Amino acid sequence: MTRPDGRKANQLRPVKITRNWTMHAEGSVLVEFGNTKVLCTASVTEGVPRWRKGSGLGWLTSEYAMLPRATTTRNDREAVKGKVGGRTHEISRLIGRSLRACIDLKALGENSIVLDCDVLQADGGTRTAAITGAYVALHDAVSWLAAKNALTRKQTVATTLHRSVAAVSVGIIAGEPRLDLCYDEDVAAEVDMNIVCTGTGEFVEVQGTGEDGVFNRDQLNALLDLGIAGCQQLATAQALALATDLKR
Amino acid sequence: MTRPDGRKANQLRPVKITRNWTMHAEGSVLVEFGNTKVLCTASVTEGVPRWRKGSGLGWLTSEYAMLPRATTTRNDREAVKGKVGGRTHEISRLIGRSLRACIDLKALGENSIVLDCDVLQADGGTRTAAITGAYVALHDAVSWLAAKNALTRKQTVATTLHRSVAAVSVGIIAGEPRLDLCYDEDVAAEVDMNIVCTGTGEFVEVQGTGEDGVFNRDQLNALLDLGIAGCQQLATAQALALATDLKR
Amino acid sequence: MTRPDGRKANQLRPVKITRNWTMHAEGSVLVEFGNTKVLCTASVTEGVPRWRKGSGLGWLTSEYAMLPRATTTRNDREAVKGKVGGRTHEISRLIGRSLRACIDLKALGENSIVLDCDVLQADGGTRTAAITGAYVALHDAVSWLAAKNALTRKQTVATTLHRSVAAVSVGIIAGEPRLDLCYDEDVAAEVDMNIVCTGTGEFVEVQGTGEDGVFNRDQLNALLDLGIAGCQQLATAQALALATDLKR
Amino acid sequence: MTRPDGRKANQLRPVKITRNWTMHAEGSVLVEFGNTKVLCTASVTEGVPRWRKGSGLGWLTSEYAMLPRATTTRNDREAVKGKVGGRTHEISRLIGRSLRACIDLKALGENSIVLDCDVLQADGGTRTAAITGAYVALHDAVSWLAAKNALTRKQTVATTLHRSVAAVSVGIIAGEPRLDLCYDEDVAAEVDMNIVCTGTGEFVEVQGTGEDGVFNRDQLNALLDLGIAGCQQLATAQALALATDLKR
Amino acid sequence: MTRPDGRKANQLRPVKITRNWTMHAEGSVLVEFGNTKVLCTASVTEGVPRWRKGSGLGWLTSEYAMLPRATTTRNDREAVKGKVGGRTHEISRLIGRSLRACIDLKALGENSIVLDCDVLQADGGTRTAAITGAYVALHDAVSWLAAKNALTRKQTVATTLHRSVAAVSVGIIAGEPRLDLCYDEDVAAEVDMNIVCTGTGEFVEVQGTGEDGVFNRDQLNALLDLGIAGCQQLATAQALALATDLKR
Amino acid sequence: MTRPDGRKANQLRPVKITRNWTMHAEGSVLVEFGNTKVLCTASVTEGVPRWRKGSGLGWLTSEYAMLPRATTTRNDREAVKGKVGGRTHEISRLIGRSLRACIDLKALGENSIVLDCDVLQADGGTRTAAITGAYVALHDAVSWLAAKNALTRKQTVATTLHRSVAAVSVGIIAGEPRLDLCYDEDVAAEVDMNIVCTGTGEFVEVQGTGEDGVFNRDQLNALLDLGIAGCQQLATAQALALATDLKR
């Protein structure tokens, strides 16, 4: 059985990471996993939420959303509905947790970074693309802070962002474990898993779901193997994207 | 290093499952994992959501909430705030997915079951207690349907609920993998994981998070081992609770 | 004509008041009027609402709610609907006014007590049970403040809570005035009245409604007689419940 | 001790009822109790709420609101705040219940009447003025239905509106029971009571509150006496206002 | 072709401006353009919005709303719907911008004026009537501030309100440009335009719309001519209304 | 005095119109006016709003929004705030009215087109860019309907879209009328105007505002001249963009 786009089971879709994609944000990255396109911006803002004041620590949070026609049929806007849906909440929280795992919040002082991940075009894997792109946007924002000496004393970009983070989806379709599912595979998957790894191959978050089925230890291990390998390739893509200086 | 309540690392807190805890619902279970107490009710309602009409299939969904003073300090009510928070959304969705994994929705016809999981007292592990209790409440609701011949043709309780589901939290505290974390352990955990298993030891959902840290494959495996064993004990507790007939 | 549960017209349902029912709140009471069960917690919080700052006075407020399946059919959650309904607002305000009538808010300094009354199981009279239970929870919270010397100078539990407050419903069914209506009586009542009295038999609040009928002065007097006598018995039950020291 | 406007304790403020005050509604009444001015419109609309469909019965409901600067200081709009407050809910429900007590909803068929009571200027007693004015607006709307033969068979205005309803506030200020409190008296009252009576002197609703105090049976009786007499005068004012035909 | 009320194409409806219409607001004006009646109140409040603090400047804003039965059929309340609609937002913003054009906000110090424009009865042109009436209410509020020496140094009513502002609608019906459209004309108009002018004939805001058609330069010029002349007459009516002292 | 980017007063910024920018929508256009970038998608959906059912007519509406970091500083998401702001409402309505002016809604039958205009990067003129791009997206959606024979009988793309529509901002900065303001000019403008024209130079909508000033007839005429000429150039750009067939 072949994949819709002819890929091998352990093959990522073409990954493209474009920095400086919009002009206002401290970090702005368009990340593409095949036809999935997510704009990730990192905004540095003064101050921290009320519950964190006086701690001396910064804060990092994320908000994920989809444009109404990022999908095959139009979705009503959450702003018009007047509330954020459960899926949006769940993904926003996942992105926030994943990126907080790679940053030393002391280095920010009592300032915040907001990572906005807006899906311009969806074809499966939007949350994992968002995490992968958000890391690069965050890196640019931290570099921006470093360049204006706004990190707390002795901190550098390297000590502030002490790990890189990337994410990929894996799943079992017709019994076969596959890497980086596109939308058609996602809806057909018996098991669906999102894996968030550091650049050195450690886990930051692992979420596996078998809504229309269950999975055993062997299947889990096969999926983890695929996911770790995929994250490794994404880490390389992130490093390449970050290898050049950004002209501002 | 000892646990706050003196348990062994691989030991559950005392589990108590009380059926028929309130009188109106088709299934009503108070589940206790130590000091964590969650009321799980299963409500049978006619009809299905609009997007499912005409499918011939039923639907199952869940809503989780905490009473304002279930916790050490009071939380504002979401009804008063006018919106459901991200954590609530995330947990409600997890419970719904987990329970849908054990039911044949065709057996319901176009009818729905809502599982309300309200935390009366919280001491860590509320979502896993909720899943474990909700399964028993669901079982009673399906029995209620069977008793009034409301399942679609030839279906029985056993074919409708073809698996049991239970859940438990595991985590790493000070380097030690532990089963069924209480609140003080939960806030201290470097890695936090929720494992949802069937009675036969297969995975329904696995969610591991290392917000303040990362975890490697060995640690993940240790946590999975603990979680699978814990779920097995919970499945036994569920079976015992369900072994007697319910007087209505 | 006999009552559904065989009671006499002037007879209360069995009343049960359990203190310390949950472990986190400063006061936590499960109150039962027959099958009606309401959890009343009193939470001490620092500070007062903005409009009261600088007054030197404390504040007391209440929030009432029902679990979705406290009733014979499931009610949608107000948090999910995104707004608090009129009935909920009306009852929350009644409880707050009733309890403010028995407390000297100067004794709290600029601190607040929130009384959360959550109906776990409903069978008529939830608001009157809530008031009756909330008084006991409030007493425990004030005792907690006294024990840590947090009341303003020279104030004691007795001077802070200078009255007790209890409430009961009365109504006319098929021409007969009855005390403490259960749900089936409540929906059949021509006149429905809630009476809130102090332990010494004075009125705090009187609300009589004849939605499907009207009532004359004689009927009103008969209902008031019933209600005062009922509140007197509830005051005794409260005193008994409070007669023992609470182990915390 | 004299009243702010020199009235006797048992004297109403000047009452003015102007029908046809705006041109679009089926009933439109400006009611004035001294400086309190409330616009009451009755709108006939086709259909009934979903829960009442198929009953053959009509429905009557009410919505109360205050213009932002009806009061001495400006109140934020509930539309801008995005939610209806507790006081608004409580009063809207009181008005609706009171007016439903005087109408035979079968006569409407499955149609609804909405009574909108908007306070243009507030000086105490807005809810009682609203009920008193809403009755007249409702009468005009029922006459409008009768004139176009839209009442169900054999029903007339007189059989449809089988009672009149009026309301007045009473209270105890400095120990003295007084009728029809203005704002300054309202805030100073130890006991505050709203009495809704039919034209024949029966009670529809009685609500007495002693937030800053309590009241005994004698005080209650004195207030009821005052209120019944006041409602009687208001019923006369309503009858006079309705004595002339309305030119549409 | 004649107009519904027999007016000439360039003729305003009868204009009536009543000051001091309600008693609490610093400025309170009922403005009538024929059957359109709008209550405009100006409320002086301490402080300015957060984003303006420290600027030394005051702020002026406006909120427009319609009573539910100001119109031929009843509109649901925005408070009950829980959100402000687009039309309401659009008109509130237009009124605010128009009135800010005539006031020196430095004269207020860091204080605010809120102009509430509530439509009591609608027959077309509610927004233009609102602007015209709000100017007079604003003038009374500024006079009130001047009388208590609350304007910043050396400022007078004349220097604070350095221009007057009035507004009128114009439109093309069946090819004919007309001034001050009533509702029936408004819905039939091919082109609809609102013109806001100063008392000296300069433009503050011009909004022309051809939803069911388009318009050319000649038509635009004819509408502007009509609108400027109409505003001139309204400015005279405002001046006359303001010519007498207000007894407070 | 020169413009920030050295343009002449009557010169547009570089205009770029990219069709088929995303893959799911029936029309998808990225429009760029200099640094302002707006994604305009046209979504064909079955059915019409309730108030339009049975009319035989289609409907067209628009929703405008900005990504949180489209601007120099981050704006909170309206979905998170739980309501759509006044500016968003105002612009969404303007876009909808403008595009409805160019379409024959009978041709759609009872179906709808939603034009979503999401600002990816803002530098002034976002609403005029949105209108200009939305027309092209709408054209592609109508072509899509025509290609599948979904327009009602005998209608073609040309008869359905009987006009083109484009829009541009104009304003007066330091006394000089200028075309197509960038953000820095927009905030400095004494008069700000948005002009919506058909391809044949007729007006669809004209909105001129002098919030910090007023403007006279000569200034208005100068702005109109500039705006008409600018729209003419935009109409040419639209025609060029549409000159090629779209590969789907």
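Every chain is named by a letter (A, B, C, D, E and F) in the order it is written, and numbering of its residues begins at 1.
Here is the rule we use: a residue touches a chain if its C-beta (ideal position, glycine included) is under 8 Å from a C-beta of that chain, and two chains touch if they have at least 3 such contacts.
No experiment lies behind these values; they were computed from the predicted model shown.
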> If you walk from chain to touching chain, how few steps can bring you from subunit A to subunit D?
Replying inline: 3
> How would the subunit B/subunit C interface be labelled, same or different, where same requires over half of its residue numbers to be shared?
Replying inline: same
> Turning subunit C onto subunit D with a C-alpha fit: angle in degrees, nearest 5?
Replying inline: 180
> If you average the CA atoms of subunit B and of subunit D, how many Å lie between those two points?
Replying inline: 50
> Which positions in subunit D touch two or more other chains at once?
Replying inline: 82-84
> Which positions of subunit A touch subunit F when the two form their complex?
Replying inline: 22-25, 28, 35, 37, 39, 41, 43, 45, 63, 65, 67-74, 77-84, 88, 114, 116, 118, 120-122
>> Which residues of subunit C touch subunit D once you look at their complex with the stated criterion?
In response: 83-87, 89-90, 92-93, 97, 100-101, 163, 198, 202-217, 220, 224
